[in-house]
Amino acid sequence: MPYELFEVDKEIPERKNHTYVKDLADPTGEIPKCNTKTVPGCMTERGCAFAGVKGVITGAVKDVVHVVHSPVGCTTYGCGSKRYPTSPDLPNGDKIPVDQFNLKYIMGTDLKESDVVFGGMKKLRQSILEAAKEFPFVTAIYTYATCTTGLIGDDMDAVAKELSEEIGKDVIAFNAPGFSGPTQSKGHHVGNFTLFNKLVGTKEPPETTPYDINLIGEYNIDGDLWVLQKYFEEIGINILSTFTGDCSHDEICWMHRAKLSLVRCQRSATYIADLIEEKYNIPYIKVDFFGPKYCAENLMAVAKHFGLEENAQKLIDREMAKIQPKLDFYREKLEGKTLWVFSGGPKNWHLPEPLKEHLGMETVAVSTMFEHEDGYEKIKERVGEGTVIVDDPNSLELEEIIDVYKPDIILSGIKEKYIAHKLGVPCVLIHSYENGPYMGFEGFLNLAQDIYASIYNPVWNMLEFEETIEDEEETSKEEVKGKISETGTNVPKAKEEEVL
Amino acid sequence: MSCANVMKRDRTAVINPLVTCQPMGAMYAVAGIRRGLPLVHGSQGCSTFVRYSFSRHFREPSEIAVTSLHEDAAVFGGRKNLISGIGNLAVRFKPSVIGAISTCSSEIIGDDMEGFIKIAKEELKQKIGEEKAEKIKIVPISTPSFVETHFKGYDNGINALVNNLAQDPEDSNEKVNIIPGIVNPGDIREIKHIMGLMGIDGIILTDISDPFDSPLRPSTTETRPFYPKGGTTLEEIEDSSNSLGTIALCGYAGSGALSLEKKYEVPAAVGPIPIGVKNTDNFLRNLKKFTDTEIPDSVLDERGLLIDSMADLASRYLFGRKVAIFGDPAISAGIARFVCELGMIPSVVCTGVENPEFVSEMKKVAKESDEPVDVMIGSDLRALEVKLEEEPVEMMIGHSDGRLFAKHLDIPLVRVGYPVYDRAGYHRVPIVGYNGSVNLIDRITNTVFDKYYADEHWKLQQ
Amino acid sequence: MSCANVMKRDRTAVINPLVTCQPMGAMYAVAGIRRGLPLVHGSQGCSTFVRYSFSRHFREPSEIAVTSLHEDAAVFGGRKNLISGIGNLAVRFKPSVIGAISTCSSEIIGDDMEGFIKIAKEELKQKIGEEKAEKIKIVPISTPSFVETHFKGYDNGINALVNNLAQDPEDSNEKVNIIPGIVNPGDIREIKHIMGLMGIDGIILTDISDPFDSPLRPSTTETRPFYPKGGTTLEEIEDSSNSLGTIALCGYAGSGALSLEKKYEVPAAVGPIPIGVKNTDNFLRNLKKFTDTEIPDSVLDERGLLIDSMADLASRYLFGRKVAIFGDPAISAGIARFVCELGMIPSVVCTGVENPEFVSEMKKVAKESDEPVDVMIGSDLRALEVKLEEEPVEMMIGHSDGRLFAKHLDIPLVRVGYPVYDRAGYHRVPIVGYNGSVNLIDRITNTVFDKYYADEHWKLQQ
Amino acid sequence: MPYELFEVDKEIPERKNHTYVKDLADPTGEIPKCNTKTVPGCMTERGCAFAGVKGVITGAVKDVVHVVHSPVGCTTYGCGSKRYPTSPDLPNGDKIPVDQFNLKYIMGTDLKESDVVFGGMKKLRQSILEAAKEFPFVTAIYTYATCTTGLIGDDMDAVAKELSEEIGKDVIAFNAPGFSGPTQSKGHHVGNFTLFNKLVGTKEPPETTPYDINLIGEYNIDGDLWVLQKYFEEIGINILSTFTGDCSHDEICWMHRAKLSLVRCQRSATYIADLIEEKYNIPYIKVDFFGPKYCAENLMAVAKHFGLEENAQKLIDREMAKIQPKLDFYREKLEGKTLWVFSGGPKNWHLPEPLKEHLGMETVAVSTMFEHEDGYEKIKERVGEGTVIVDDPNSLELEEIIDVYKPDIILSGIKEKYIAHKLGVPCVLIHSYENGPYMGFEGFLNLAQDIYASIYNPVWNMLEFEETIEDEEETSKEEVKGKISETGTNVPKAKEEEVL
């Protein structure tokens, strides 16, 4: 009986197949049903395909302006709300004249009723021209279909092509209207294919080295990329292109010149690694830098590819030594605490093992918004016996998981955070982090610190008013006695006694 | 006395909008109902983006359902999604009201929401019996995303609720209906506080104050499903036709009030939002007019505390300072009038809407200003930025979306309204009423202190 | 669990004191009486400096009389000054209570204040008749400036009022006495708000909330002489012996409560000030104990809102941050405990007093802290500055006198308590009770946002 | 009947002599009784002698540390609350390492009961030594008697003398305990004499010019001094010493080397000008820089002394031209408004004429806290017929003056400001200013601006709730019509109409 129907789902029994409890005896094929449409009327935590492409893939690019072809709402919601910081530096040595340009601006065609009736092509054209005029320093212009423009059928590729020539810069259309595909994952897919088809191979890098890599599926959430970048630099590996954290448009154009691709987020970006391998024969390896152990193993694997093991080992030894004391502290505090990871996808399998290995925490539940079969296979591999694996859980299931599996902490997104709090359970933001970066050696300490701070937030011991307590004064006087340092550090004993 | 220079955006594209699309406003309206659930008939982004936006502003859960429209619905229509969505929601959540909210997709597909809802109701009766099914009200709210903005969506939402739920009038309930507009929990509480001091019972249409700012008390929290404390009850909405009058605080949110006036002869007063002295005075006169209640000393003393603050602070620290105000049209116009009352100059007032109520309010305000007021309508943050690069002001007043612009311009930003996600507690501190205005003058003055007196700190020694 | 390192100032001289001398506290106490007038028996500076200090903090008038001692009094004593001072004040101002407050001068000269007051009373009877004269109470308050600090002066003031004015007990009045300590109008109002929700009537001994924050309403302002609205009535003070209990919010201000307990068997509870969760819980338990009133849901919901804010904000933005707290011993200890509840570390708590209540409170707090707490007693701002230069913290919490120190140290200052003269409205925003604690967490968190997230602003996007 | 007894004073008829109503027919000798003790039990606005010396005279010196010999209160109250900004520059080219040192720190001997009994000399000695150690960069240490130390009779001069030698820096004791003299004026007197006797003539300036002056009685309130300094520099006159605004201790020591002294605040500082003239034969002139006219006249008078009239005239012409348009604006707004000046002393005669001359304002009442006979003579000269002149008014008189003389605005201190507001009358701080400086040409504009902002604060038209008003909507619609600009500046007419 690896599949279970939540009590709250008795009216929607189709949810049973999405809820699997790990049983070591099961064959590998047994995983939750996934990547299918959500039951209507659920409080799903999923987003739409537009969110997948702009929010996840392209929003991290630092030197392009985005024109959302939509009524005003999608443009508003599309404004840089992911935590994708960028540096102003471009590959040619220039600097973008606006701080965090990718987070600051968003453009939209602001479609009205008449556009819906007569079509929005003219407005799109005009808006892209205005984009080029308003932000003359951008390298390219990206434009996005949305539900409205998907339904009215505007030929955005045509406009993009025409204007690329007129403006003299790449204008790229992304056709992932909100309704396409069951989740934002569809948007990742569209983003990968569009960027590959339109860009990769179209430009050459200013210089290359024998140690050039593409770092794919790393978006620099809260500075994650910058942590890895530092490691690679030290080892002697050169990140030629990132896809797409803190990257420039041009970097994507010359991804075909790397010697190796690494795929960090394997849900959202394996597509382009495959395409590049297929077309340009550039091999890729899947990597994982969450937690010291994975980070060490994967750095070493990459280093090995380039014969740089010695450098890697030096770095790993040093970093491990640096973090060990704090790691010990957190382990002492967190050993045996239980958790539930509810991520977009891959963090379900990135996190359980390191949290167990380094902090002694037990994962009792995992769930994703948009993972596919391959991901669930990995998840299943990495969680322990009895852990529940849920695909696309909705709000009511969320309550039931808390009731039944009683996690000490939940790692999830902001939509879940506050309801968890209302039910008395701490919650750490895992899509965008609390106080990241979370990747790499020191990043894992940040994660541990945030988990520690959340579980040990004194508030959880004060949730309800207590009508009576033991005589606080008396108790504390007794207890305190032994704890107070007999002499203050800066004060002669005589003086202190005078006061006591 | 001065004049208003009304100017529209001179671009086709919008750059960093000051508005969003209609459905968000309707979700806001439905969220204010006790056990009320918004059901968005559209793509998942239409609910998720809004839940995200509500949660980061209020730091609270926000439960919004969606019918999850996909390619098949685009081709065959969303009938199945809406009907099964209503069914699942009704059975699993046992809500009092489901607000079925349309989107660009469902409007373009041409779904007959009213028809589908009828079918859904029938199916529901089959499933859970007539009595139980009757208790769950399903209200269709048409909010095409490509028409106007979320302010209109709010107006449409409230209007739909009133039109669908208010019952035929019986005896007067001696209450006053309040349509708050898209304001904060603290604002609604301040309105209730004023009415409490006057001894007037109110029906808030609708009341997000508790749902979006609710206690963490596991021992009393309703779960399975989770519902936050509070909100307007269905019975109150039904009873709204028996009230002495309706006051819509915001100019853009008057349709529900006018419907009640037209259908049930409940007199209506629409705007201006009670920010500052004159607007709050006006609100009190409306309350008095509807209820024939004298304004008690307790309220007038609170007024006196505002007056006292204005006398003590305005001429010395604020007089003549130029301000740019942006965001919500009602709140912006209210603040613009208040800053005139403080002797400041609302040099630029910028909003994403073009509604005539706003323009006419701003003309009135401009008359009270010592210098010309640039009124930017149908505009956006980028236009404001360009304007302020050319003609700087000493302070910006608006929501958090302006934070990077304020930073770039090196103009301090006084945060108000929705959304404010980069500061804590702002949803709880009112800016309406006399007390709210005191908060506002404090926030403005302290910003001046922080920004403009840091180097000459001795000027603040007394 | 951690320990408290108690350390005294290691200098003879005081550099930038955190306290002032006793008379100020007594003036504060008397100012909270309806038509109560402080009469300082000393030099003009003794009244003028305090009026100046009150006015710049509250932005309100502060009427304090003085006997204007000069060289002749130094030689011949202040008898004539005090007697004629009382006479003039009584006749011209028709007060309910005159608090005759001693100073260093009058104490050194050795004036027999009680004796002089008797004579003054006799003379007053002659002048205006016995009946009128009897209505004006004259209370001697001994506050030698060279003994302890203004906190003791407050304690002495309240104690003298209670000892001189409380009448022999009659039937219970079913009220609870509150001795607020040197807190702000907003704090007293919050205490009254809590008691109101619990349905408990209080006698505030004494209530500066309206006198030091009164409306500007010329039509109702009492003039000739000007008296501000509000304050505790003489009758209430007289009635305080009939109360169910007395709660002194501040550890330093318990003498009046203990006097009522000793003389009239009104049970007393002294401190800790209700800042933060546990201290406010404790306050409620005291109220419950005295009145046998259940804590209503309305109060527990306000508690739940505080808990909610702490859950949402503390671990993410505040946990582990080091704080230095300075100023009032009761408020500092209360805030220190609250910051522990927030997971912050009260690394340094610095006050100008040496009283044992503070030390014992701080030991309790230190036990709840994750790291050692340096408790500086009998200390001053310069000592704090030197300490923080060596061991920096991320935030200072205290009053405006620390502003230049915070500026020099480049540590943000969260302003609380008295005096705050370089910001607006702080006297009106409570920091006590659950609501006050919400204000405090907001103020702390927003300071963190402002100071520590400016460059990494994207971390605040959600 | 030039003397009047306020109604509120019927119980203290001795107040009659302090209240004089100007009558042109009167002989000059008729002035209010002044500089006498306040009636006990009054709400006097006066301070004490300690406030006079530390608060007014010495607190402006930038490079000395003050040790108040007192219980803690006087020290607390003595901390830099006057608005005396200073620059860090010292005459020898050094800089003080603390920003606004004079405003930041105060020291005190923190006397306790045992000190009162056994004397405070030991503590004073120790405290001064600590001062020298704590702030090694100061040029001198000033110490102050207070009521307590005055009464217990500590010999502060002896300690100061002894420690001057021990420390190697001037240690100066000021013997103005709070109870001495009827007002703070006693403290000014003590300050002048002490500084003259102890310092003047003890050091030599690094260099001198033929154009050196002492600017006496100018304390740089809110930057007043810096305005004048700019003028003098331009004219070619060198301020060798100020007494004591933004001055260094050493400047006072070489005041005997100036060619001319100017006395700005003639109440608090004529003493030292007299003493310097007497001992060193340096003439002085009394000057007044409030208001453009006085400022021009007095600059010219000083310039004439040095034969620099041409420079002065150039400056005056330019500055007058610069301020004239704004002056005209304020005059239009303020003509005919009435005012009451309640200052420490001299501003009673500084202000009425310029406010009349340049702004058309009528002074209906003047009053001072501590003016002497000579000052009241000048006041009387400069106010108009019927103006009431009150010495040391108390709170009740304040209310009556407002009732009877109905000033449109009051210029006074913070203790009076808020009660004036409660009575519905605006009030501008004139001791420490609202938004100064107020001196000189541009300073007068600041004063005019503050008066204008206060009188025209819209709040005064909204003091009371109005139960009914004319239909606001209707009225405003009508009125507005004519006022709205027909076309917005940036908007084509067509677009605007679309909206209206």
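For clarity, chains are labelled A, B, C and D in written order, and residue numbers in each chain start from 1.
The rule is simple: a contact is a pair of C-beta atoms (placed from the backbone, for glycine too) under 8 Å apart; a residue touches a chain by one contact, two chains touch by 3 or more.
Going by UniProt, the chains are A, D = Nitrogenase protein alpha chain; B, C = Nitrogenase.
Nothing here was measured: the structure is a model prediction, and the numbers come from that model.
Greatest Cα centroid separation from chain B (Nitrogenase): this falls to D. Between the interfaces B-D and A-B, more contacting C-beta pairs are found at A-B. Each chain gets a centre from the mean of its Cα atoms; for chain B (Nitrogenase) and chain D, those two points are 50 Å apart.
The distance from the centre of chain B (Nitrogenase) to the centre of chain C (Nitrogenase), with each centre set as the mean of the Cα atoms, comes to 39 Å.
Between chain A and chain D, the centres computed from C-alpha atoms are 63 Å apart.
Mean C-alpha positions place chain A and chain B (Nitrogenase) at a centre distance of 32 Å. For chain C (Nitrogenase), the set of residues touching two or more other chains reads 52, 56, 59, 214, 216-217, 300, 303, 307-308, 311-312, 404, 407, 457, 461-462.
Across the assembly, chain D contributes 81, 100, 103, 414, 418, 421-422, 463 as residues in contact with two or more other chains. If the chains shown are joined wherever they touch, the resulting network has some other arrangement, not a path, ring, star or complete graph. Remark: chain C (Nitrogenase) residues 52, 56, 59, 213-217, 220, 229, 297, 300-305, 307-309, 311-313, 317, 403-404, 407, 421-425, 428, 438-439, 441-442, 445-446, 449, 453-454, 457, 460-462 touch chain B (Nitrogenase) in the complex. For chain D in complex with chain C (Nitrogenase), the residues that touch the partner chain are 8, 11-12, 37-51, 67, 70-77, 79, 81, 98-100, 103-113, 115-116, 123, 126-127, 130-131, 134, 146-148, 150-152, 177-183, 395-396, 399-400, 403, 414-415, 417-419, 421-424, 463-464. If you check the complex, the residues on chain A that touch chain C (Nitrogenase) are 80-85, 100, 103, 222, 414, 418, 421-422, 426, 429, 432, 434-436, 449-450, 453-454, 456-460, 462-463, 465-469, 472, 476-477, 479-480, 483-485, 488-491, 495-496, 498-500. If you check the complex, the residues on chain C (Nitrogenase) that touch chain A are 1-8, 10, 277-278, 281-282, 284-285, 288, 295, 300, 303, 307-308, 310-312, 314-316, 319-320, 340-343, 354, 356, 359-360, 363-364, 366-368, 372, 374-375, 377-378, 456-459, 461-462.
On the chain B (Nitrogenase) side of its complex with chain A, the touching residues are 11-17, 19-24, 39, 42-49, 51-53, 55-56, 59-71, 73-74, 80-82, 84-89, 91-93, 103-105, 108-109, 144-147, 149-150, 214, 216-219, 221, 223-226, 228, 352, 382, 401, 404-405, 407-408.
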